[in-house]
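So that you can tell them apart, the chains are marked A, B, C and D in the order they are listed, and the count of residues begins at 1 in each.
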Amino acid sequence: MALRAAVIGPTGYAGFHLVDLLLRHPEAQLVYLASARDKLPDIRQIYPQLIGRIADQVAVCRPIDVDSIADVADVVFLALPHGAAMGYAPALLDAGLRVVDLSADYRLDDVAIFEKTYQQPHGDRQNLADAVYGLPELFRQQLPGAALVACAGCYPTAAILGVAPLINHSMVKPERIIINAASGATGAGRKLSEATHFPQLNESFGAYGDIGFHRHQPEIDQVLTRVAGRPVRSFFVPHLLPIDRGILATIYLQPATADVTLGELFEAFADAYAEEPFVRVRDDLPNVKDVRDTNFCDLTVRLSGPEEDPIVTVFCAEDNLIKGAAGQAIQIMNLVFELDETAGLL
Amino acid sequence: MALRAAVIGPTGYAGFHLVDLLLRHPEAQLVYLASARDKLPDIRQIYPQLIGRIADQVAVCRPIDVDSIADVADVVFLALPHGAAMGYAPALLDAGLRVVDLSADYRLDDVAIFEKTYQQPHGDRQNLADAVYGLPELFRQQLPGAALVACAGCYPTAAILGVAPLINHSMVKPERIIINAASGATGAGRKLSEATHFPQLNESFGAYGDIGFHRHQPEIDQVLTRVAGRPVRSFFVPHLLPIDRGILATIYLQPATADVTLGELFEAFADAYAEEPFVRVRDDLPNVKDVRDTNFCDLTVRLSGPEEDPIVTVFCAEDNLIKGAAGQAIQIMNLVFELDETAGLL
Amino acid sequence: MALRAAVIGPTGYAGFHLVDLLLRHPEAQLVYLASARDKLPDIRQIYPQLIGRIADQVAVCRPIDVDSIADVADVVFLALPHGAAMGYAPALLDAGLRVVDLSADYRLDDVAIFEKTYQQPHGDRQNLADAVYGLPELFRQQLPGAALVACAGCYPTAAILGVAPLINHSMVKPERIIINAASGATGAGRKLSEATHFPQLNESFGAYGDIGFHRHQPEIDQVLTRVAGRPVRSFFVPHLLPIDRGILATIYLQPATADVTLGELFEAFADAYAEEPFVRVRDDLPNVKDVRDTNFCDLTVRLSGPEEDPIVTVFCAEDNLIKGAAGQAIQIMNLVFELDETAGLL
Amino acid sequence: MALRAAVIGPTGYAGFHLVDLLLRHPEAQLVYLASARDKLPDIRQIYPQLIGRIADQVAVCRPIDVDSIADVADVVFLALPHGAAMGYAPALLDAGLRVVDLSADYRLDDVAIFEKTYQQPHGDRQNLADAVYGLPELFRQQLPGAALVACAGCYPTAAILGVAPLINHSMVKPERIIINAASGATGAGRKLSEATHFPQLNESFGAYGDIGFHRHQPEIDQVLTRVAGRPVRSFFVPHLLPIDRGILATIYLQPATADVTLGELFEAFADAYAEEPFVRVRDDLPNVKDVRDTNFCDLTVRLSGPEEDPIVTVFCAEDNLIKGAAGQAIQIMNLVFELDETAGLL
């Protein structure tokens, strides 16, 4: 019998891609779309791409009614704004549903850091303590049967996958990890803004935000610190690209010792990812176009700069809406329910 | 009487913009277009934008005949591929013309570095020794009356303007200067290539080339070393943007001392550029769109990261074809001939 | 003494380009920016491109105070939303200013058609009756000394310039003139909308609006009817392009007689435009890129289809913000004040 | 047992999408990639998107060896340049393979028209006579078991689907059918050209080719004539869009009688396509973005213009690489082998 899935918050870009991926999934069935909007939308009016692919009774969003969802679904995806998921997760978990949350609500272990980063109190500390951090390549063993999984953020996924194997093998220093990242416009969401007004963004390129204080930096540091077993400190600078989709992280690191070789760096990645279906360690430089509309994260590494003071550069590319959001959520669902990890994703 | 200008190599993008700017220049007159092609092109067939703006007798390219050029022109712009300019410059100089070269041929003081970087012998060492490096904001005093000026490269202009004031004031360390740069597609020229095939480049983003060995890096290091009076070593990584024009350099530096403040960093830039007509020190983050089709370089600086180990980030934006090529060449011409520096450029 | 110009409504895209062109104009001086906003903006905060190019006292918008404007200016440009210009024009005219209006308020002779098209009453019928329709190529003789000029709309400029010579020479039938047009995103203005949200518009293409009822169609028909001396009826369908700037009109017409030749069609255009500085009759097909950031309208004509029932196709390209708005307004100013028509525009 | 599929010519864009779709297809298996290149490529080097998705032994192209292909495959897709398919089809058919050809070689019934249109002799008249025209919505009944199917061209698919129901019901006149079409850049193929050089195409828009003589026009007219049972004559004008993918056809038609209503027009489309899984008759205007990466053709119709001389406008959008090429080929394969028509396509 197919796994029955509900999506709460399908009208955002991540929500749409959850719907799209679930409709293609060979072992899952989309049964319920739920929206917090007063006027419940038909998802096909927002995303005409879905016309002819989704049944009428599913396409029209219903209220976020926990009992109704629990009646028909096994798993629920929360694709809500940061701060909103924690309002629904407790009841959904109590009703016996598996919950995969795409927001930041359950990503940060430390409540104080969450509250400082997202400027709001955390309303569900108990589940926060139990939530699994949803980055399968690092924490796969915690996923089977997990009740609540917090999908890794879009930027953190690229950054962490690019750094973790080197930190883990102590091949790079844990400080001054410079993550120069760029994202396509869907990363900024469906909400209208000057920054994403077409004549403003088209043919443009620039960094954005409060440099050095992006909300994804604590998430990156928390996970890398856990991997390293000692404090890791990165420096994250995001840029906005005039394209729809894709994240590229260009990461500058300092070798831990002077004698590290490029071969060893590649070996560290090979060790980490040889068996991973969605990480491709490449010889040539990754490009967001190569991973568009896929769940892959492509990466490579270089060793160059002055011989006496070389620099390790890692390049990671992913689709922010797939491996950085909806695809990763489906990969997590597959692992939680012990399906083939790649089901519906290749 | 108007300054009479010739352009050798007008068919490339930098050449076109020289033509465009000269046609608008209030004190210069475009008198001669010269091409090395067998079949001499009418520049209007390559750039229909010029139809109705340029006289017939100028529009049709003529051979690169030094005597003919010297008969009618005061200044000649060389917009030729690297390696070609040095074949013409000696004769043009001998004929009494002022020469503004947009290629790399006369940028590097050290012949050995030139030959290693561009993989070819240098055929004009004498003029190389006398050429002025054409970055007015740093070397303005050498420009009036200069016979041969080598315009700074597109990437080096952004990188050097972003770093020089800080290096000059010893506010940052001279090593591990990480220059993460991105350029629009015109930077790759008019020559067809897979990398600039529309379906390949559109909606893409990635780094390119041999990481750590870009030919602009020795140029950047040479100039910064001259500014600092001690060896400076940068690490330059270029990316290709799916836009027509613009370079953004995001530069990561280490403060020389722990107590440097953001105010001091801004002061260093203000000191350097307050009187500069084409450098705009901004509070907010620069964007290539703000400088499109202008000769401005926009920059700002941030100080963030861990308190005990802060990072200085500089952001510089320019139009690679204007401040990074043709506009800078016109600015140089204005200074060589002691015209108003901004003539034809605002 | 320079002509002194004021711009009311400089914060929109047309307003910005008026400012940009006036700053470059050799015989005009920008003296006053006026805005209806409560919080008067500094134009440089909205358009950082202008930093370093405009004097502080001009850059900060002032209230729309007719007396103050009349004190310092000779000419005023109205770059306001449709319906707003008619509220200011009477007083500005009474104060002795020449007025160039970029809105639709004074374009339509017939009040009833205006009111039906723009769904609002017309509040200034007297000046409407006296306003000159600002399309210099057709109505140049009415411009010198004109008090109030209504700049032709962006789409109408391309459409009318493409059809008028053929209608004028009775070479095509006056009905079933199909105008298939496409515009860049700036045509939709600075106001945020779903249609111009980057992830929505990027990589998209489609028609928009109520097909057959675009508000520019009555304007096109009015002018072509005046040119023909008999009723002309066009059918206008607009599309939105994922680019910043440019309009292309592809116009399908029926030859008036079976024996019209391609040579005659070209002759009609040559007759009409040989002396026009801003219309380029081309042999090859126009492209919006060739006219970007210029005041040119490029056009060509083809004759093909079945021999017994051939079709005349005209292609017209212009920059919607220059020839379609700000450039045309400057061209009109030049003619009203009997300056060189091309001043500041080549 | 899975249907075994081979692709000859997988290195072009249509070929890549065949590979991509076959890899996802639940009932087909990709077994053989064949290339005419001397140096046989690994498809993953050309399309890194495929890394990790395709078996090594399939990814490396093999020679076009009919016996080897016949040994392992049931169906072969020809994704070759026009003129090349007819060199392979006879032997492939003789070997018992079903052949789905994506080129124009078997689309035109009339050899004389083929030879005039493609400027080359036709080398396989016998199979030409037997080939089925591969547009399932019109000729579905001929597909089950068909030996050779010529997939409809990209532009013709949109144009024919937009016109056929109206012609079929005699609701529009069979002449002066104006098809104003625009295609994304992949339509021009992988071959480098000035027209698809990024700085040339980006931010551009224009028509192309010899207006009125596009090679797709005879194909459109042949099929519409067959549908109508009397001569139909269209006029086709293509434009190039600065996007990767998508075709929009805006079609202008004359009602056959003055009293046709919009309701009747919609009914004609509903009659024709109500049961079609890949044609979506929409109320609102189609956009290429809504059909990107899908096998859908979206269309709608409008009736407007002067009451006494109204115009029917049809808008059709499709993805030129899916419904216009690879997706349609898979849809055809499904029908030839009597699988679910939508298998692998939703």
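By our rule, a residue touches a chain if its C-beta (ideal position, glycine included) is under 8 Å from a C-beta of that chain, and two chains touch if they have at least 3 such contacts.
Quick caveat, the model's predicted, so the values are computed rather than measured.
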* Which of the two pairs, C-D or B-C, is linked by more C-beta contacts? -> C-D
* To do: Please decide if copies chain A and chain D contact each other with the same set of residue positions, more than half shared, or with different positions, and reply same or different.
  => same
* Asked: Measuring from the mean C-alpha position of chain B to the mean C-alpha position of chain D, what distance in angstrom results?
  -> 47
* Asked: At what distance in angstrom does the C-alpha mean of chain C lie from that of chain B?
  -> 37
* **Centroid spacing, where centroids are CA-atom means, of chain C and chain D in whole angstrom** => 39
* Could you list which residues of chain C touch at least two other chains? => 203, 242-244, 287, 292
* Structure fact -> Note: in the complex, chain A contacts chain D through residues 23-24, 26, 48-49, 51-53, 203, 277-278, 280, 282, 284, 287, 290-294, 296, 298, 346
* Spell out the part of chain C that touches chain A in their complex, as residue ranges. => 13, 185-186, 190, 192-194, 196-199, 201-203, 242-244
* Considering the complex alone, what residue numbers of chain A touch chain B? -> 175-176, 178, 180, 182, 200, 203-208, 211-213, 233, 235, 237, 239, 241-246, 248, 250, 252, 254, 285-289, 292, 302, 304-306, 309, 311, 313, 315, 317
